[in-house]
Amino acid sequence: MKTAAFLGLGAMGVPMAAALARRAAQTGGRVLVWNRHMEKALAHAAEYGTQAATLQDTAQASVIFTCLPTSADVDEVIGQLEAHLNPGTVWVDCTSGHPDAARAQRARLLTHGVRFLDAPVSGGVNGAKAGNLTVMLGGPADEVEAVRGELAFAGTAVHVGDTGSGFAVKAVNNALLAVNLWATGEGLAVLGRGGVDLNAALQVINASSGRSNASENLIPARVLTREFPPTFGLGLLAKDTGIAMDLVDSVKGSAPVLAQVDALCRAASRMIGPNEDHTALLKLVEQMNEQEIR
Amino acid sequence: MKTAAFLGLGAMGVPMAAALARRAAQTGGRVLVWNRHMEKALAHAAEYGTQAATLQDTAQASVIFTCLPTSADVDEVIGQLEAHLNPGTVWVDCTSGHPDAARAQRARLLTHGVRFLDAPVSGGVNGAKAGNLTVMLGGPADEVEAVRGELAFAGTAVHVGDTGSGFAVKAVNNALLAVNLWATGEGLAVLGRGGVDLNAALQVINASSGRSNASENLIPARVLTREFPPTFGLGLLAKDTGIAMDLVDSVKGSAPVLAQVDALCRAASRMIGPNEDHTALLKLVEQMNEQEIR
Amino acid sequence: MKTAAFLGLGAMGVPMAAALARRAAQTGGRVLVWNRHMEKALAHAAEYGTQAATLQDTAQASVIFTCLPTSADVDEVIGQLEAHLNPGTVWVDCTSGHPDAARAQRARLLTHGVRFLDAPVSGGVNGAKAGNLTVMLGGPADEVEAVRGELAFAGTAVHVGDTGSGFAVKAVNNALLAVNLWATGEGLAVLGRGGVDLNAALQVINASSGRSNASENLIPARVLTREFPPTFGLGLLAKDTGIAMDLVDSVKGSAPVLAQVDALCRAASRMIGPNEDHTALLKLVEQMNEQEIR
Amino acid sequence: MKTAAFLGLGAMGVPMAAALARRAAQTGGRVLVWNRHMEKALAHAAEYGTQAATLQDTAQASVIFTCLPTSADVDEVIGQLEAHLNPGTVWVDCTSGHPDAARAQRARLLTHGVRFLDAPVSGGVNGAKAGNLTVMLGGPADEVEAVRGELAFAGTAVHVGDTGSGFAVKAVNNALLAVNLWATGEGLAVLGRGGVDLNAALQVINASSGRSNASENLIPARVLTREFPPTFGLGLLAKDTGIAMDLVDSVKGSAPVLAQVDALCRAASRMIGPNEDHTALLKLVEQMNEQEIR
């Protein structure tokens, strides 16, 4: 019987592990789940038919998934687990991690015969529940192909390059999210000060060339409503723009706009709060313009 | 018999006037067309069933449309035409114009009993041919409603606010286009330097939260192909980001990212060329990173 | 007996008019002073031997100096005074004004035979008291030379170009002040977070290539001391960076760093307060970094 | 007899080692010099009375100075020398290095009983020749005090904090140099487009609040003259702004202006050339504005 393990039952991890469990129920496998707080694993098992496990027990799985806040958390888990790992295991890290960490983690795990793939996801909690996340895979092509069938939570899984490339693309994606969100916020704040109806403005922008996921989805649903539902935290967005800047630095690139928005995200994380929803980034734009976006 | 006039037969004006002519053919009206170069008007008449007219003749139309490069060009046409205008005429300016100009033009035309509405469009040449442009209307609500039925080239027509608001929203839309395009270019150049496959990267970004019209349409069709087809010029994009900055200034707003991208657009217009397609903006990003986006 | 008039007794105007009075005492001339609040003029007369005058009375002076918050204030005074002005009068405007306003004001005053020169000053209250301000003169060379001897408050008076050039150079100077101040604040906040002693850091920077008036004078005297004495307001600095950006726009220039700092100054003026000293700009840097600069 | 060694005879190293030799001639010590290209060491010995040495021979010195392009070069030299080092030796690194490298280098050398201090310098070739460089020392206070007397090339030597702090302050200093230089270039390019005389503009800026080392020294001597003498390379400036950004990142700081100028320096290094003088940074500003600064 095939065994998978899922480590990290956060907002994304819960539905991702549930998707693995639905698949396992059809194919006769099983899914072990682990979380720093054991009660979350027990609750997951009760609700989705997975099995709560100790960290050590998860080492027996043939595929180990991680989905943790940062690469440093993954390092810590690897440290606790590596003595127990079996050669031939595949480690699929869905964390929004750091490309440099991916290369170090792969090298470290290879000494145990374990293959590491970076596999961050996009699509949010709704995408995870629907099992149609986008997965960006970094690593050797054959290993990527071999694991593709295991990604029960994926709608799209794309091999983007060598180890670390998945994390790199994810960081750039989130940096673009931050840019598009911030810039659209600037534009709306200014139009608002000028007396323009912001719902009408967004309607035409969304039928025009300036549209983005920020203008089409995030701002109408989360900002104009003043709800800012806390799903993906501002502190984590700032972490991701920082990873994007590390990437820029590592290739000696020049990215003045990404750099500026990274600095503004970090400022917003401090001034508005790291645990606020990432769309609360626009609260700093609002303060800078004394103009609510509503 | 109802008469409309269309002044300015550029890349957008030709299909927009053709849409008016198709409608007129059904409703028994006629469409006069004028262009600085008379042969363009004659060719349009031959192909689309409009009537080439002198500038003075267009003054007899009940609705006069203008679609010119800048508000300064509209000012010049108003100057030549105002002695001939009839009270009750409606002037619909589809130029990507300046909000301050709109207010001055409306005031000036009202002295002749002519009502001016700013009505810039979005959707490009393809949208114009299909008759489903997005129109952003600025002016008094009743006048906007009265003219709505005349906009044969529109798929969506939205009243966004008082006189000048249409131009303001259009400028912000184009500034957002510039930001999204530039930032996506930065991200791709850096990923390219890092050895990531850019087609794969765009595929996942377009299934993820960082997507925009730039990543979904412009870059795949115009940049990755290295075609940069010259439809909307870089110089005109820089003009529009400049209008957006004038708007920021007029409301004492703070928009550091729009400001930065405006400066970079202006630099690119000089260094790459104002008549290059607006997507050639990314050629400056490429030079800054010594990395082609392909 | 030669008569000069000084209009606008603010922090700068008081010592500037006093310098004129000291000169007049030697040369047998007299100095009329006017202020919106008459008591300020009376107090000045009592302390410095000038003569408080009504606005209309100042029109008899052969040289009229203005030093007001903005060009709009100068426009208003011109409006009230123009019916009374005599041909041959010279109007020297020491306001930190707008180049466009200078050209309009000169044209308007020339219709009355009055010559307008833009003549903003730098050096602060201390420089004004010492009579060694730097004056940047814009206008025809012969008129500039003719008025040079009247500038009793000047240590240095430089003809920088045609009408409006004085205001342009002043705006650029103040924009550079804003950039140098902000950037030095960023650097110090980051060093402070890294545990570096900021007095030591400033000591070496001021003996090195990164030094500026901000690092040598403003930050040690006003920021490290936490005094932020309110001499030149943050709102006025933001006005001046805005004038610099108008200048950039008028020549179709590309100045991404000036543009960014202009936006940040405007944000700081809103978030910290327009009447705080301009060095309180760094309080926004401090908030963005959660690090006091001390 | 006391022995010092100086490793790295570049533009700065030659006069710094010469200053050590002048001191040694008075105190009865000697100075060993080493360079990757032995002929440079032989020439230095012939001209300044030092002794050319093999790398291994320099290990006998009680104080070893390094002044190399980057911390990576210092790492390489340490690797070749560490087997030969004697406990009690002090290693003073005058490279414009990286704070992270300093901490690693100190830890590595301490295993051999060698104490490492980061001691970058400012003042340029002229300051080195005059023996009045500014030295920014990072490390334990007692070790800094103990070595102070050895710094024969220093006019000012300031202890700025723990290991790495010297490099941090140097990086921030050079980043501020880059900001001040770039921003002044923007301002002058725009004034030049507006017809202002740039010599006159600089004269008043240098007597006003916007002045900096860039406006007072670098631009008049190197840019207005169109000489751009290649003393400190643009590529090295971009390396230093990059170190400053690493520092910002390491403390989770927010420095949008330093970040933007870092990106622009990197672009200029690519587009203008890394071996051009750092003031050739303004050639990119000139291209962006189609306006020479002269």
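Going in written order, the chains are labelled A, B, C and D, and every chain counts its residues from 1.
Please note the rule applied: a residue touches a chain if its C-beta (ideal position, glycine included) is under 8 Å from a C-beta of that chain, and two chains touch if they have at least 3 such contacts.
All values reported here derive from a predicted model rather than from experimental measurement.
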Shared touching partners of chain C and chain D are A, B
Go through B-D and A-B and name the pair with more C-beta contacts between its chains. A-B
In whole angstrom, the CA-centroid distance of chain B from chain C equals 41
Roughly how many whole angstrom separate the Cα centroids of chain B and chain D? 51
List the centre-to-centre spacing of chain A and chain B in whole Å, with centres computed as mean CA coordinates. 37
Give the residues of chain C touching no fewer than two other chains, as numbers and ranges. 248, 252-256, 260, 263-264, 266-267, 270, 288-289
Touching residues (chain side chain B, partner chain C) in the complex: 242, 245-246, 248-249, 252-256, 259-260, 262-264, 266-267, 270
Within their complex, state which residues of chain B touch chain D. 256, 260, 263, 266-267, 270-271, 287-290
Of all residues in chain C, those that touch chain D in their complex: 99, 122-124, 134, 136, 155-156, 158-162, 165, 168-169, 172-177, 179-180, 182-184, 186-191, 193-197, 200-201, 203-205, 207-215, 218, 244, 247-248, 250-258, 260-261, 264, 288-289, 291
